[in-house]
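Before anything else, here is the set of structures, which you'll find just below.
Here come two complexes built around subunit A, the first alongside subunit B, the second alongside subunit C.
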Partner chain A sequence: MRFSGRWYGFLLNLPGLVIVLLWVLFPAFLLVYTSLLRYDNVRPIVFAGLGNYIALFQHRLFWFSLQKVAIFCVSTTALTLFGGMALALSMARITKGAWFFRSLLILPWAVPAVISGIIWKWMFSPDFGVISDLLMKVGLIDTPLSIYGNFDMAMVGIIVADSWTRVPFMGIILLAALLSVSPVLYEAAMVDGAGALHRFAFITLPLIKGPAMVGLLITTMFSFRTIDIIMPLTAGGPGRATYVFGYYIWDQIVKTLNFGMAAAGGMVLFFMTSLIAAIFVYLSRREA
Partner chain B sequence: MKAKQLAFVVLLIILGLAVGGAAGESAKSYELIKWNSPKPISQRIGGPTYILPDGWKEAVAGVKRIKVSNFGALKHDPATIQNAKKFEELTGVKVQLLAWAEAPIVAKTISIFAAKSPAVDVFCYDHPTTYTQMVAGGWLHPLDPLWDDPEVWKLYAEPLKYGLRTADGHIYGSIGQTKTMMLYYRPSIVPKPPKTWVELRDLAKKVTTPKMWGYVYSAGGEMDIIYPLRDMVYSQGGRTVDVKRQRIVIDSPEGRNAWKMLTDMVLVDKSAPTSVLEYSWMGVSDMFAMGKATMIMTHTVDANRYQDPKKAPGIKGDWAVTSPPKWDDTKPDSYHASYFDVDGLMINTYINDKQKAAAMLFLDFMRSYEASYRELIVEGNEAAVISVYDHPDASKIPVPKARQAAMKNAVLETFPPTGRMLTDILMEYFANAIGRKMAPMEALEKCQKVLDDYAVPE
Partner chain C sequence: MMEKILRGRVLPYATAIILLGLMMLPVYWTTVTAFKADEETYVFPPVYFPRNPTIEPFRLLFEDYPFSLYLRNSIVVTLTTTLIVTAIGVLAGYGLSQFKFKWSDTLLWILIFTRIIPPLSLLLPFYLLVSWLGLVDTLTSMILANIYLTYPFAVLIMKSFFDNFPRALIDAAVVDGCSRTGALLKIVIPVSATAIASSAIITYLWSWNEFIYAFVFTSTPSAQPVTVGCFDAIGDIFVNWNQMCAGSLMGALPGIIFVFIAQRYLVRGLAAGALKF
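So, the complex of A and B:
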């Protein structure tokens, strides 16, 4: 028996199709289906239609947590971009021992987010943290600094901690993009009298825009749904000061055990990250 | 030919249904155990040596292992390890203890239940805040036969009888470890410990220095604000759960007093730090061990840590423990009370009947005098079986009589479903008060309103 080209291609794609079905489509279907159920692990499971979505949009913490995640996401992405750019520009100039510095660059990215959160929490502890102690010793502060217990500073603290883990990823992407820019362009620009800032604005930025957009997209999407670093740092506190949307969904599952509401929250998260991705893709294509 | 094949298949189906039906009607494995034989339960488990119930061998035949989740690393639970080994010696069933970090333990448990998975046989759980939710989810195997002896309740502190029974009249949990909290203090700074919270507050103000707080409590970790609130409410004879309406109540007179005192300590007296918003109960213990707190309320098991200068370098043996304060001198001595903490054990309903039998046997052993003895003497937890404190070996542990009294006075309340979310709401509004986003009593009133909104519909 001889397979035709079409059937042979289908058979070769079958394992991938099975994986997509089992790990992507089926869970997605379950998510949609669960979001339409009253599934609160207290009362019997019944079809609720859009009831979960209505309850979600009316929940006191829904819009609040979206506001928090917007602040967190924009700030983390911006700090990651600037940090990654600074690192990439510095690394691009290193020739001797470049492999060593690039390996160091990767380290924060290699640390699990939860461990990273614990380390930052210890460093910023007002009672035994090195940062508070150093600042007091140099006379910049009189009393111990409580970042993660302070309403106004806690968000700054988690942005810094999360950005620290993401900067290496952005740095690697931007470094690769920088290294792909032909040095001839810079030489020509220098001959024409262009300064460093001009060369950066009119040569570097336009040519690395594509990879930068990819890095930005991934960073934005991941930070939009982050809770793993926030958990050990603040657990969404103090007083919900760092209560991002991902945490809200987590609480629906683990604390309220309302799987229907959590699934509805998951669908909202899915649509919002898809929207973010769509915006980036549109902007990228428009540029192209 | 086809007709014969069809007839054969039909016959097979009928036979299969008959066998299956017969199997369904026969006794389940765990029903083979005669819990009140050879002696009533109270005598079987209440003596120094645990006695296995009749019928256990047939019930667990073929079971090689049960998996039991554990709060945190096993190196901190030597009694649990010894109890597991003893159970294996008695029954031949190996107990595989799964050391799960505390933070994700509920998430892991729920994941397994939601998947209807038999991956784990026995789960540990925090009784006060999680029990009713787990029961409501329909995930637990009932344990009524284990408690089918009216005398068995006399082995334990009074609250346990009412704490384990749920609204449907059944029991789904049993005892893993029990703890309560006591007042730890620095005798070099506080030679005579306070007997009341009012006295403690005044003392904390006097002894606070730039390097050491007068009193430190937890308001930062998940559930942790409930510890100091409950202690103060119970010390006035109050309660935090309206059992009839299944509501958390914090704006009672006792709740208001507790809320005010805790916020005043930070905002007015400055005898407690604003960084209470960062502390879990473990963080409070750390503060005392580092010598940064004069007085704290923490679990009795922490006495083991403070005895070791390497684990408590900031105090170097300068510590003592006494019973929890009552509110003031007008209150009776029985109000020297903290909360009765049960780290319970529950059985997964999705495991097979033989595994259930083995799991029930394990729970039977873990709530016995013998197991409680190890918890008290080896590990420094409290003994669920109160008479263990009268054993001569109990004199080896710090303040055994005070701990026995604390366990007798301790209060066990079981939160309604969504208990963990409700404690989050308490944490949220308490933080708003400490962070000066709201006036303290305004925060309390708003907190109560949100708690009422969140409660499960009647």
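So, the complex of A and C:
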């Protein structure tokens, strides 16, 4: 028996379709449904309409966690762009041993996020921390830091650690973009007397804008929802200094066990991520 | 002289080495600590070059924690996920790319949409599903979760590679009496081996590195993977940091290996998938 090309393509996708329906769309439906229930593992489950959403918007901690994640997400993305750009620019002109340099560049990406958190916690250890020692040797501080125990510094600590895991992806995307820029353009500009800064601003930047947007989008989206790396580092503390929005949802699932609120929070997280994606898609369409 | 340095090769190498050196500090520090005895671990200022490297932390890791179980669980979950996702992903990518059907564009959009849904949002419904099915604290629950987390990306990578595959080759094989599935097995898969490797490696790493689903779904060492095991161990009142660094090193090992032996595939796969995120 022989199927037409269209049916054949559909049949090939059937197993995947089952996965998508059962493992993605059904849970997604369940998320919407649960968000409309009073489901707090104390009282009987009843339909609550938009009750969870109203409770969420009236919860001071919800707004607080959104503030925290905004600071975290914007700073991480900025630091990642800066670090990725610096690495990509310096590696674009490397030919000998490029393979080795690139392997080192991707390495942090391949380390499990939760393990990166453990590693950074050890590096920032208040008692035996290597970072305290290095900063003291350079003369920036006099006494060892207790970065994850300090209300003001803890946020800086998780931003640095999270950026460390995200710089590789940004660097690789920017490096690929830089390598695709034709050297002829630079030579022509140099003949015309353009300096290094001008060449960067008028040749490099416009040509790598597209890939840079993709890198920015993914970094923003992923750092907005991350908690893997924060769990071993600060667990949202000290106090609530690093209590990002993801942690708010996490606590509703594993601590307060208010599943209805957790689902409503999950919906808000989804809408905000979509909003971020939409903004970036709009910006890159407008440029193009 | 200055101009020569700037134009030449010295500056790019120097900046790259300094920047990458800073970036490698956590890797270096973990590796060094993993081979330190307690006397050199718990001192300040810290010891940068251990005088008496030892494998004692690794030995104690397997003795004090059920680390061999963690490793076994991670390997079983990751290998199963990778096999299933790669097999189904190759078929789906082949269909989406070469044999367009009525809803193929819709399906493609659903897959992209799936990538935008934050895993943290679906954690709760997925957990409810897993507990209804009676799968709490089993390896199966994590395999199911990892399939959901990796499948859409794998299909998008495959599709973007198969899009560049010359259709004429498939048609020629079909004219010569080969079935379309035969063409997939005998021509497309061998020629696209690197693309499939890219997708499989990324699937493998993502499954291995997964943490929050595994943390919620499992509660005993009989099902916990390495990531959860390491996290549990730093929750203790006294943390054995040299053993934890040894554990972290083993948890990061698949990543380290793949980055050095298959860097090209990783980069190609990430670039191909990223453009469609």
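Simple rule for what comes next: the second predicted complex is superposed on the first by the 269 of 288 C-alpha atoms of A that agree within 3 Å, B and C clash if a C-alpha of one lies under 4 Å from a C-alpha of the other, contacts with A are read in each partner's own complex, and residues count from 1 in each chain.
Rule of thumb we're sticking to: a residue touches a chain if its C-beta (ideal position, glycine included) is under 8 Å from a C-beta of that chain, and two chains touch if they have at least 3 such contacts.
Just so it is clear, the model here is predicted, and its values are computed rather than measured.
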Partners on subunit A (subunit B, subunit C) - clash or fit: clash
Partner chain in contact with A:A277 - subunit B first, subunit C second, else both or neither: second
Contacts of A:V254 with subunit B and subunit C, given as first, second, both or neither: both
Partner chain in contact with A:S125 - subunit B first, subunit C second, else both or neither: both
Touched partner set for A:Q67, first subunit B, second subunit C, both or neither: neither
Partner chain(s) touched by A:I172 [first = subunit B, second = subunit C, both, neither]: second
Which superposed partner A:G5 touches (first subunit B, second subunit C, both, neither): second
Which superposed partner A:I106 touches (first subunit B, second subunit C, both, neither): second
Touched partner set for A:F26, first subunit B, second subunit C, both or neither: second
Subunit A residues touched by each partner, larger count belonging to subunit B or subunit C: C
Touched partner set for A:L87, first subunit B, second subunit C, both or neither: second
Superposed model, subunit B segment overlapping subunit C, candidates 8-16, 26-34, 98-106 or 440-448: 98-106
Residues of subunit A at both interfaces, subunit B in one complex, subunit C in the other: 121, 125, 127-128, 144, 231-232, 253-254, 259
Of subunit B, residues touching subunit A in the complex: 103, 106-107, 110, 114, 133, 136-138, 220-222, 273-278, 286-287, 290, 292, 417-418, 420-421, 424, 427-432, 434-435, 437, 450, 456
Subunit C-touching residues of subunit A, taken from the complex the two chains share: 5-13, 15-17, 19-20, 23-28, 30-31, 34, 83, 86-87, 90-94, 99, 101-116, 118-123, 125, 127-130, 132-133, 136, 144, 164, 167, 169, 172-173, 176, 214-215, 217-218, 221, 224-225, 227-228, 231-232, 246, 249-250, 253-254, 259, 262-263, 266-267, 269-270, 273-274, 277
Touching residues on subunit C, where the partner in the complex is subunit A: 9, 12-13, 15-16, 19-20, 23-27, 29-30, 33, 41-46, 48, 88-89, 91-92, 94-96, 98-104, 107, 110-111, 114, 116-129, 144, 147-148, 151-152, 155, 180, 205, 208-212, 216, 226-227, 230-231, 234, 241, 244-245, 248, 251-252, 254-256, 258-260, 263, 266-267, 270-271, 274-275, 277
Of all residues in subunit A, those that touch subunit B in their complex: 41-42, 60, 121, 125-128, 144, 146, 148-151, 231-232, 235-241, 251, 253-257, 259
